[in-house]
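Consider the two complexes below, in which chain A is the common component and chain B and chain C are the respective partners.
Let's turn to the complex of A and B:
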């Protein structure tokens, strides 16, 4: 695949990259061939709540059907696990891992050091990916995980590109989020559940609604035990700066099917054919609360720096 | 932060300027720590994320201390064999289950601190298990329960460009008034200020009282 590098300081450069384009889906209901055709690989399951209706990490029959569907589409299949498992959750995590092993998925993703170590010890043939909430801030931690047999890491969301590159230098595969809402915190309980009295909606149906926390111009999106960025991280204009990574994720766990479909199509075109003003405009329109760069440029995560290197106001179409 | 060990005298947790969370206002210089270590058992917090090399260079300037509190698994793993010091995993690593504690012990932790929300989980785990533990468990007796698990919040970095993990400062965005919208409809307002909490400590080898954030008024 060839990516045409944008003109940087007047010089146009071309560069060969071949990143895996990946996304995540929470339920069988949210999977459609059409919405996944642009991706090379898919993470299955919603890692922030066991009770999320239809969650593939809780419904093993659905998980089997989802794996079968992706295999038929010749996609790689990864299974996510619960993000912050307590002691009481471990038996469910073990059961999920057993199921993933039985289904011969291509990798199991975890963000919990204990679970990661458990898999690398008990299932040495299973490929392990670590998610962004694992809090991998240093190349020393990446080295440790590499020594344990982990195949791929997603560095901490807060790291800038130069620190992610250092982690890549350790030798394992690196995956980053190039588009979507990133988790900014995880709690021991679900905020939405506690809103039942005030909203008239109870678990699990409350999750079918879209909730936002707003404070002046600050926006967050509660989702299970995680709270996501209100803005969509968007690296569409800057994708060449991440050309050293092995996988680029479209984070779509809290989104509807259409989002995954359109954003995947746009990023696939970006990787294969290059930049399109029209596509970038469409991404901005789809981001209800605007776009941001996340933490890639050593700025506040909600800021957006455009290709000209200037901060931009990017409020989307409401 | 004061650490109390019943029948074992008093030890102090101190921060080293430039390496401790929250702020440098109450942190000490290496010289001050070395002086303190002549009278007390001193544990030094290196709970801002730095490279293992930076931390090692700073540790080499300290004399007579008892142990280190570290906030990064890779740093624990790299430093463990370089010093004959006790290693405590900071609550910022946020172990949430017994496998996490076994992992931390395996990479070199002597003492593990767990998030205060989970004290009861580990009290039960202790009564369930009869085997000898490879680590000591440090529990909060008093703590601020926050919007997210300690060490798992990126709001300050996201909104203000300051990483609590790397820069040590928290701008307490959780304490703002937040309007809760369901779709486009505002349904109520809420806030998530830290809650002062007294906690069960069954199963603790070491007990801890959170204090710095309260003294400093929130930074």
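Let's turn to the complex of A and C:
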């Protein structure tokens, strides 16, 4: 991506910026070589529910197989951990970390300060990434994490671009979501499964189906104990504004294989070749509830600001 | 002896809460707490509130627990200097990086890790302790057994909310309100995020709107309608006696309620705790009294919720 223009001794210099393109997969079944070929690295495991069928954070044999697959594809391998562990969950999380260490993965991701503390103390050589639910709002918190040995952070989803840059200035790597449904909340339980009698679907299958919570203009996607945005965050038009980040994530944990494949291909092309009206149109078509910018522009998360800097209506097809 | 902590949404409320028997009162620092500015206090009023607290041999806590922008850390430090000079006894913080700044700048200042930190396991409590917190607020969804384990393993004081609400998500881990209707403002160089509870704006309570469950893909149709996403108020009673030997502080939330109602709630709990300590409590009598208080509280809450929902439509701060 030729975007970074610096003035060196009065002469404008353009140089290559190559952010890592990453995505996430919940299960072994959701991994296909075709859908992952566009990515440099992959997070393994669904962090919002232990019971999610086939979840790689609950099934260590599958995790081993998934790591092997990614290695064969020459991808970097990251392992996600359960996002909201209570005391009783910690032994399971620590067991997963032990397994990840044994498999020599490239990084372990956590969104819980207790788990982050555990890894940095017990496994100082293991690279730690923090996820978007960690609530990293300030450079002061980024500095604390950096001093603990954390290698990469995903700043709080609510941060605008200029504040993400301040986190980057601390010195650690920064990863952001450039496309997909971002978490808008996490709870202790799954609310969707309380509708099992009405939908005829129950745990652990219900969140593999397509359901939405709707109220007025607001659409949410329940997924395990998390609630995701109904709209797809889309930074396709604005990707140059994020040229300082180290990794760009396609958030696809709740999506089908085809989504990960198509969106990954489009963003890979965007990074290597630039903007395409056709590709942008395809992204809009795939976003069933429309697209939004999240909080990158200090606006309501579900608003979409176009390239011209104006709000645009993106209702989607549902 | 467990500390009873009450809210101070105004100077009048501060005084009345002490008169009702609280040991301490918390107030919000204007522009810096997790509530509307209407219920926060300016510097002069905080100084006076600290004097009132000390006149009653009580303590004043200042909530400075909205997540600031990285560029506002120097403003935070100035505010911290003021709070120290005003002889505030403790500050309530959300951002773990800022805790470290407070610890280093004013080692004598007691730091309380806010409910917004969403501390749900003992490893996490240890990290907050390492960063300077002497007390943590237990998430409302934790059991007493979990709280005791956190306290014992992390070696920190624990505060429990006895009048509060259990959100749809974990508190501090919800961005639904800002996703729906965030509005950004700047005033005197300080940023305000109307609609983002984590950043100090009000929560528009989207969970209390009327929701429907809709299917997509092969599940088209509406499966349920006119339900709320769970968000319930609670007033504890039977849970309190076993807590008295475990926790360090019982907190009554409610800066936005009327002074009269808050006086009644604090008086009720003061008398109840004293009677529990004396070993003479007759639970059925207290239950009846609490039911009456709950009815008044619910009426005020409904009015406030409607006010917030109206504000959300107009994207204004109330």
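Note that the second predicted complex is superposed on the first by the 302 of 318 C-alpha atoms of A that agree within 3 Å, B and C clash if a C-alpha of one lies under 4 Å from a C-alpha of the other, contacts with A are read in each partner's own complex, and residues count from 1 in each chain.
As a working rule, a contact is a pair of C-beta atoms (placed from the backbone, for glycine too) under 8 Å apart; a residue touches a chain by one contact, two chains touch by 3 or more.
Note that the structure is predicted; figures quoted are calculated from it, not measured.
Undergrad: Consider chain A as the common anchor and indicate whether chain B and chain C clash or fit when overlaid.
TA: Clash.
Undergrad: Contacts for A:167 in the overlay, against chain B (first) and chain C (second): which applies, first, second, both or neither?
TA: A:167: touches chain C, not chain B.
Undergrad: Where does A:257 make contact in the superposed view: on chain B (first), on chain C (second), on both, or on neither?
TA: In the superposition, A:257 contacts neither chain B nor chain C.
Undergrad: Which partner chains sit in contact with A:69 here, chain B, chain C, both or neither? Use first/second/both/neither.
TA: Neither: A:69 stays clear of chain B and chain C.
Undergrad: Quick check on the superposed pair: does A:305 touch chain B, chain C, both, or neither? Answer first, second, both or neither.
TA: neither
Undergrad: Contacts for A:141 in the overlay, against chain B (first) and chain C (second): which applies, first, second, both or neither?
TA: Touch status of A:141: both partners.
Undergrad: Tell me the contact category for A:184 with respect to chain B and chain C: first, second, both or neither.
TA: both
Undergrad: Show which residues of chain A both chain B and chain C reach, each in its own complex.
TA: 84-90, 112-118, 133, 135, 137-144, 156-158, 184-188, 195, 198-199, 201, 209-215, 218, 220, 227, 229, 295, 298-302, 318
Undergrad: State the interface residues of chain A toward chain C in the complex, per the touch definition above.
TA: Touching chain C: residues 84-90, 112-118, 133, 135, 137-144, 156-158, 163, 166-167, 183-188, 191-192, 195, 198-199, 201, 209-218, 220, 227, 229, 288, 295, 298-302, 318 of chain A.
Undergrad: Taking the complex as given, what residues does chain B use to touch chain A?
TA: So the residues of chain B in touch with chain A come to 49, 51-52, 72-75, 77-78, 93-104, 106-107, 115, 117-118, 121-122, 124-125, 147-149, 151-155, 157-161, 163, 165-166, 173, 176-184, 187-188, 190.
Undergrad: Could you list, by residue number, the parts of chain C that touch chain A in their complex?
TA: Against chain A, chain C makes touches at 67-71, 73, 95-98, 100-101, 118, 120-128, 130-131, 141-142, 146, 149-150, 168-170, 172-176, 178-184, 193, 195-196, 198-199, 206, 209-219, 223-224, 229-230.
Undergrad: Looking at the complex, which residues from chain A come into contact with chain B?
TA: 84-90, 112-118, 133, 135, 137-144, 156-158, 184-188, 195, 198-199, 201, 209-215, 218, 220, 227, 229, 295, 298-303, 318
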